[in-house]
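Let me begin by handing over the structure; questions about it come next.
We just call them A, B, C, D, E and F in the order they show up, numbering each chain from 1.
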Amino acid sequence: MFMHNKRLQYTVRVGETNPALASLLLEQFGGPDGELAAAMRYFTQGLGEDDPGRKDMLLDIATEELSHLEVIGSIVAMLNKGIKAQLSEAAQEEAELYRSITSGGDSHTQALLFGGGPSLTNSSGVPWTAAYVDTRGEPTCDLRSNIAAESRAKIIYERLINVTDDPGIKDALGFLMTREIAHQKSFEKALYAITDNFPSGKLQGVGRFTDVYVNTSQGEGDMSGPWNAAPQFEKIDELAEVMPADEGDGTATVKLSRPETAAAKRVAERTASDPANDAETGADLGAGPGAGKISGGEDMGTAKDIKTAAKTA
Amino acid sequence: MFMHNKRLQYTVRVGETNPALASLLLEQFGGPDGELAAAMRYFTQGLGEDDPGRKDMLLDIATEELSHLEVIGSIVAMLNKGIKAQLSEAAQEEAELYRSITSGGDSHTQALLFGGGPSLTNSSGVPWTAAYVDTRGEPTCDLRSNIAAESRAKIIYERLINVTDDPGIKDALGFLMTREIAHQKSFEKALYAITDNFPSGKLQGVGRFTDVYVNTSQGEGDMSGPWNAAPQFEKIDELAEVMPADEGDGTATVKLSRPETAAAKRVAERTASDPANDAETGADLGAGPGAGKISGGEDMGTAKDIKTAAKTA
Amino acid sequence: MFMHNKRLQYTVRVGETNPALASLLLEQFGGPDGELAAAMRYFTQGLGEDDPGRKDMLLDIATEELSHLEVIGSIVAMLNKGIKAQLSEAAQEEAELYRSITSGGDSHTQALLFGGGPSLTNSSGVPWTAAYVDTRGEPTCDLRSNIAAESRAKIIYERLINVTDDPGIKDALGFLMTREIAHQKSFEKALYAITDNFPSGKLQGVGRFTDVYVNTSQGEGDMSGPWNAAPQFEKIDELAEVMPADEGDGTATVKLSRPETAAAKRVAERTASDPANDAETGADLGAGPGAGKISGGEDMGTAKDIKTAAKTA
Amino acid sequence: MFMHNKRLQYTVRVGETNPALASLLLEQFGGPDGELAAAMRYFTQGLGEDDPGRKDMLLDIATEELSHLEVIGSIVAMLNKGIKAQLSEAAQEEAELYRSITSGGDSHTQALLFGGGPSLTNSSGVPWTAAYVDTRGEPTCDLRSNIAAESRAKIIYERLINVTDDPGIKDALGFLMTREIAHQKSFEKALYAITDNFPSGKLQGVGRFTDVYVNTSQGEGDMSGPWNAAPQFEKIDELAEVMPADEGDGTATVKLSRPETAAAKRVAERTASDPANDAETGADLGAGPGAGKISGGEDMGTAKDIKTAAKTA
Amino acid sequence: MFMHNKRLQYTVRVGETNPALASLLLEQFGGPDGELAAAMRYFTQGLGEDDPGRKDMLLDIATEELSHLEVIGSIVAMLNKGIKAQLSEAAQEEAELYRSITSGGDSHTQALLFGGGPSLTNSSGVPWTAAYVDTRGEPTCDLRSNIAAESRAKIIYERLINVTDDPGIKDALGFLMTREIAHQKSFEKALYAITDNFPSGKLQGVGRFTDVYVNTSQGEGDMSGPWNAAPQFEKIDELAEVMPADEGDGTATVKLSRPETAAAKRVAERTASDPANDAETGADLGAGPGAGKISGGEDMGTAKDIKTAAKTA
Amino acid sequence: MFMHNKRLQYTVRVGETNPALASLLLEQFGGPDGELAAAMRYFTQGLGEDDPGRKDMLLDIATEELSHLEVIGSIVAMLNKGIKAQLSEAAQEEAELYRSITSGGDSHTQALLFGGGPSLTNSSGVPWTAAYVDTRGEPTCDLRSNIAAESRAKIIYERLINVTDDPGIKDALGFLMTREIAHQKSFEKALYAITDNFPSGKLQGVGRFTDVYVNTSQGEGDMSGPWNAAPQFEKIDELAEVMPADEGDGTATVKLSRPETAAAKRVAERTASDPANDAETGADLGAGPGAGKISGGEDMGTAKDIKTAAKTA
């Protein structure tokens, strides 16, 4: 059961109102790496977890993230406090209010639709979605997802710190950023407290494919490093060797029942494409009266013939 | 530039059609951990990456994931080949077709809307969204996200293998699952090829908060482990100590300009809540003629009085 | 700042596992009227609220809704506990597992993607979105939205109670449903503690339009009642009277600058539709060789001629 | 069946073009409280309603909202008429066109993607979603939702009026705003024409929980009012009393079958977290060569030690 | 299977960085008519297609669209290269960085959340969704959808060309735009290579309804042309003739079973609306003390009485 | 302005209730090719259109589509009328109601969340989104999009007809399907009434690229037809010729300012990947105690070595 104390986890001291900055900070309120995403990721994991240590940790951190949501939301509310009041009291001329709410970012929607309160959107106004939550109910996956999520949240805070010069906001953001570092460390510890955590799950892979690296992107810029070379990896440069990677012919087949085969044949006949049928098309009809051939009008470009270009290259 | 060869990366041999199984496999075609998500995660990272080694690796793996998208989509197409033909030719009685498309999972929508082709949805029919792609443009984050994503994709394949008894499908899924393991290893190698990769980004955290663990969830089940205890962590059990964590008073404040203050005062007065005003409400109006008090009618429950319960607890 | 105690607000006793029922209950976990929606509605309002009484109430109820989220999520986790374990251990034959996860509702996705944990989706698998949260930052709107939201949440719980025969689940759902009733009453009280709460906001409407009812849907079934008749309303049956409702001509106009006018003229000429140009179309080209006129083939229907029908009607 | 007359319900006279203002007005075209949301809310309710009076009213108001959608869309079209023509004719220098479409709000997308026509998005460009429609098929809920929705729509119009100084637009917005007031009154009348409308649905709540108020948010700022105090409510300040609210132990349990128990045991063993295993982690590996401990580098902050801070507080 | 060569399909030469322009170009990276949408539309069609000619064409064009995605994404990456580096190194003063990322469009989110890499969103920051992909598995539909999609993509490129004065970008966009024209022509040819392609599918329509045009929008502005008049169409102006279009009474009916009828009767009674019950409402309660009637306060408007207006009109 | 008559455009006679069938029909109520999508596509085009003929046609057809939305929604309401009443009155045993709402498709959510009314979702429960509306404000695009949309809607109706054996529903669906055919013909006529409608917009393409077909997908299955061969097209098989298609080197470049260059250099150094640094990774740490190498445990597969396979292929 949750309880709440009205004191924030970190004191919020905002120097002056600024709706455009408020809209940027929403990235950590209702954005994909924001505090709601964090809280819900750990909370859903905690509810589904049976291991007592992990369950406890997940609920601890989920709860702290809710407190962070409160801190960042409070900063947003402070930054919007002026426009909220002035818009609802029509306390300025229309033209001034118009300028105030179109001063940058997504502040216009924050003012008009959300009335200056913190909204669960990102800095573009995209509503938060649970699609951001990647809980999968397998601890070695979920902990890796948490580690990654904390590192992402850390970097978003760092960027916000870099664009803010209000010392009170910078200070609070620094606290929040640091807590993400601490949480990442907890999740790392928890991952490695599971003796055998790689690969995730129970099945080992097919041995002959686990250390193969397929060099599918070739040309100038091809590189070699520990991620694709010995001793860990065998690198396949000759793609024909893995097309397919098994001993088959690389096609897709299915056994159809007799009625399925019959129906498939009928649909094939009905919708057959006749390669010999070079018919007039709708585009021909619409290409305009003056043109001898489609798109043959005035050329917008200046580049040379494609063949020439190819030869030159 | 991309090129394509019509041979698949792995041969697909499906034993018989099964639209309901097809709808399950969509999880790895258009689901959050599916192959499109993987391809787009690495492709967007690769385009924004300047480090030559990582750029090469990201484009290699992105391209391979597109080939995996083709394999899984081909399995889905094979499993749906019968219903696709029969529905478009109305080759059965209506009642039989109705039964065929409501045989389980999300196969009804796959047949009706997508005509039996592979759709970029998950197994519930939720359209794929780029909200699944967590590329942030900072390599130490992105590689961690990739590691986590590969571990998630691996586990989804494992679950699909567990519910399928078609040997051809199992075989192809095993290949795809194994490649996720190999990719995770590449991303691990690439992460640790960056000398200093923790914490992500440039800023260190605030020293006094980096090794604190706030025990926000308490009661029976409180546990201790390396994720919240010494030597790494100092665990705070007395929450009043971190309410707030700084030396302030835990409130949120902002300095308002004079006109902002005036407007704020007016809106406060206009919308003031009067605690002494215990007025009749809309609910009172609507609570029905027979009841002496709201909700006082027949009680649906059988539990004892809350106070008694609380005392017993 | 939030704190958590590991005891639930209501004890959860589930009789037996049932993944399909679990998927139905998600409606109140990650659905539009579910507990996360409730918690976030009140929490965002509370952060943006300055009135001390309302702020306190909003944070109280937001916090309680988080505890409800925990209760409903715990029921889901219990119902899925069997399939979660069996799927991850592959503890049954594939065919049995396949049958287990396709037993109804959206349970297949819950098992495959979310591993049996509670997911922030509704009962169809649609991810929760902050688009459900209708906080607008004006208390007389927001309280009305809260009243409505509580009544919706109440009815969903009632429906879930009606389809469940597990006494432990019924009991917990009854508690949760009742709390929605109690919250609705609090919000009603709070709305009427604002002396002048209708219409919302500061502006009165235009007097001559506030008590007009436009009878736009006519024909058999036209009704009269206090919602459209005297003494409150003047009902307009003759729609020509309100087409337009002002003294204008009912058109839309704008003053264009000279260059805008010139550009508009050019685009009009370039894309002009020539009513005299009854050209052959792409559909004509594609209508098939045998047909004298488009769609003139075999008629699928049996109904009589439309003119005849019209005359009969 | 619907019919349409080309005259608008209110004459639209726009003084001059302004794409940025157009993008703000989209809030009421394709936003959550906009006219499409209103029309679809009442239309879906009307189709599912059997009570003749309510059905008639819902179709009347749904139809009028479609006419409002036409009015607001026409204003948007007028405001964009210049940029639409100039962009499609390339009637200015590129740099001028670039400046025109980046003049504020979301006008760039409106011009580039929607070509200056009214788009079904809100002022941030978020596409309209039926998730905004909260029809539940129970009249006492739906009418409350309608009342709330009308009050929200009213306030958005009020805010738009406050930021516009074009008299023709102000005039039309005033009409639209007023109609929302009138509709709210109709829905209120219709709600109270149902004799017993509270609580919604058929089930009464559990008596002992209907008048309890749980004071979950405590600390400085705790308030009392009719929404949480006698005579209506009994306020619980001692949270231990409602943890849990029933006579149980506040845990979640389920009875597992024998095979489920066995599988659960195996998964627990396989993924057990070993609290004694304080292993080296990926973060340790990546923390950089120079640091004696993780995050021990240069401290970004200036705040004092957390313990000191806590003691000071 | 896909392969990749590191050379782009078209050389990208960007004159100078410009994050705001980058955000506009995202329309063709992650927008509804962008290159990912194109690639996925054709790829999903190709996987589900059995006709060898169309399958080959669809895979050819899908693959080329992936190469276009790479070109447009590379332009975006180049335009953002400065802000990416400066933001991650905090290489400017906070205030300068703040100004840089709020210079227009959606560039703030691109910098903060995506770190300057190309994101799969449109120019408003809306994440790409597979809802954009309208593959239906029926070739005569899908080819028409492709034709339409190519024409839309062409026009978006044209608009982008019109707002850009960087010659390198203009050049690359011109190439991409032209390829859409070429693809449209291929799809036109493929559509007409199906002998009988109209109407789509197997069923002909009901003969008496296929050439009827219902003139549902009437009044000043009613027009006639080949789209609604003879020889193709019979135009119905008298709407009563098609209300309904069949010989029935235009109502909706269903046969209910006996228990269904009984339940329907009970719910009707319980929720009956009493037209005679003109009760006091929640709005009455909240209309404020001073007003004799609801909304009777100060009138915001200046327009004349609606009746008068109507008569004048 | 819109008006409504209570008679439907087509009489709805449903034989018996069937919630699962109702959920399938939602595809045309709130699905991507459903009637709301159609109505909104044409309505938004009509509002932005200045050409009188097209404007009239678009509003005519938009209005008719709203009437179709009413017809299909009425069928859904009839099919759900039994479950709606029984669920709200709890008129059956819980277990029976549970079975009724889990009888197939998405009927469970329709009953629980939407109470049996027609909801604006597709047959999977995905909420309707304006992302389905592809209005672009250029008539030659929009008409092509309309032609395609009508052909898609036609095919979905055909599929629904194929799975329904209720004659009344079949009859109404046949009417709706036929009207889509008629609308497609109107849009075709309107497209070709624009004299020069190809390519869309004002700019011609770059001449040397308009008739090139790039054969990017090669291998067995390569085909030739009018869509990629002479006389219309020049087919490029040698992909090196179009890599790049211009005379450049196929790279992406941008000119950076001096401070940008400096920052870029710093970030490159800080995050450099060291190809020589084959460090131990997190995966190594977690690979379990017994294994000599990662993933070296029990192999799940049976396939032969990849090299062998490749050679055999």
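Definition applied: a contact is a pair of C-beta atoms (placed from the backbone, for glycine too) under 8 Å apart; a residue touches a chain by one contact, two chains touch by 3 or more.
On a predicted model such as this, the values are computed, not experimentally measured, just so you know.
Asker: Starting from the defined contact criterion, work out which chains touch chain D and chain E both, please.
Answerer: A, B, C, F
Asker: Among the chains, which one keeps its Cα centre farthest from the Cα centre of chain F?
Answerer: Here the answer is chain D, farthest from chain F.
Asker: Identify, among D-E, B-F or D-F, the interface equivalent of A-C, where equivalent means over half of the contact pairs coincide by residue number.
Answerer: D-F
Asker: Pick same or different for copies chain B and chain C, depending on whether their interface residues overlap by over half.
Answerer: On the two sides of the chain C and chain B interface, the residue numbers are mostly different, under half being shared.
Asker: Averaging only over C-alpha atoms, locate the centres of chain A and chain D and give their separation in whole Å.
Answerer: 22
Asker: Roughly how far is chain C from chain D, centre to centre by C-alpha average, rounded to an integer in Å?
Answerer: Once rounded, the distance between the two centres reads 10 Å.
Asker: Please output the residue numbers of chain E that touch at least 2 other chains, ranges allowed.
Answerer: 1-9, 32-33, 53, 56, 59-60, 62-64, 67, 74, 77, 84, 88-90, 106, 113, 115, 121, 124-127, 129, 131, 136, 138, 140, 147, 155-156, 171, 174-175, 178, 181, 184-185, 189-196, 198-199, 201-203, 205-206, 209-212, 216-217, 221-223, 225-226, 232, 239, 242-247, 249-250, 264, 270, 273, 275, 277-283, 285, 294-295, 300-301, 303
Asker: Of all residues in chain C, which touch chain D in the complex?
Answerer: 5-17, 32-33, 52-53, 55-57, 59-64, 67, 74-75, 77-79, 81-82, 84-86, 88-89, 91-92, 126, 129, 131-132, 134, 136, 138, 140-141, 144-145, 147-149, 151-152, 154-156, 158, 161, 171, 174-175, 177-179, 181-182, 184-187, 189-190, 193, 198-203, 205-206, 209-217, 221-223, 225-228, 232-233, 239, 242-257, 259-260, 262-264, 266-267, 270
Asker: So in the complex, which bits of chain B are touching chain D?
Answerer: Touch list, chain B to chain D: 140, 191-192, 194-199, 203-212, 223-226, 231-232, 236, 238, 240-247, 249-250, 273, 275, 277-279, 282-283, 285-289, 294-301, 303-313.
Asker: What does chain F use to touch chain D in their complex?
Answerer: 1-9, 30, 36, 40, 43-45, 47-48, 56, 59-60, 62-64, 66-67, 69-70, 73-74, 76-77, 80, 84, 88-90, 113-121, 127-131, 133, 135-138, 201-202, 279-282, 285
Asker: List the residues on chain F that touch chain B in their complex, please.
Answerer: Touching chain B: residues 20-21, 23-24, 27, 31-33, 104-106, 122-126, 155-156, 159-160, 162-165, 216-222, 239, 242-244, 250, 264, 268, 270-275, 277-284, 294-295, 300-301, 303 of chain F.
Asker: Help me check something: in the complex, which residues belonging to chain E touch chain A?
Answerer: Residues of chain E touching chain A: 1-7, 50-51, 53-54, 87-88, 90, 93-95, 97-98, 101-102, 106, 108-109, 111-113, 115, 121, 124-127, 138-140, 147, 171, 174-175, 178, 181, 184-185, 188-196, 202.
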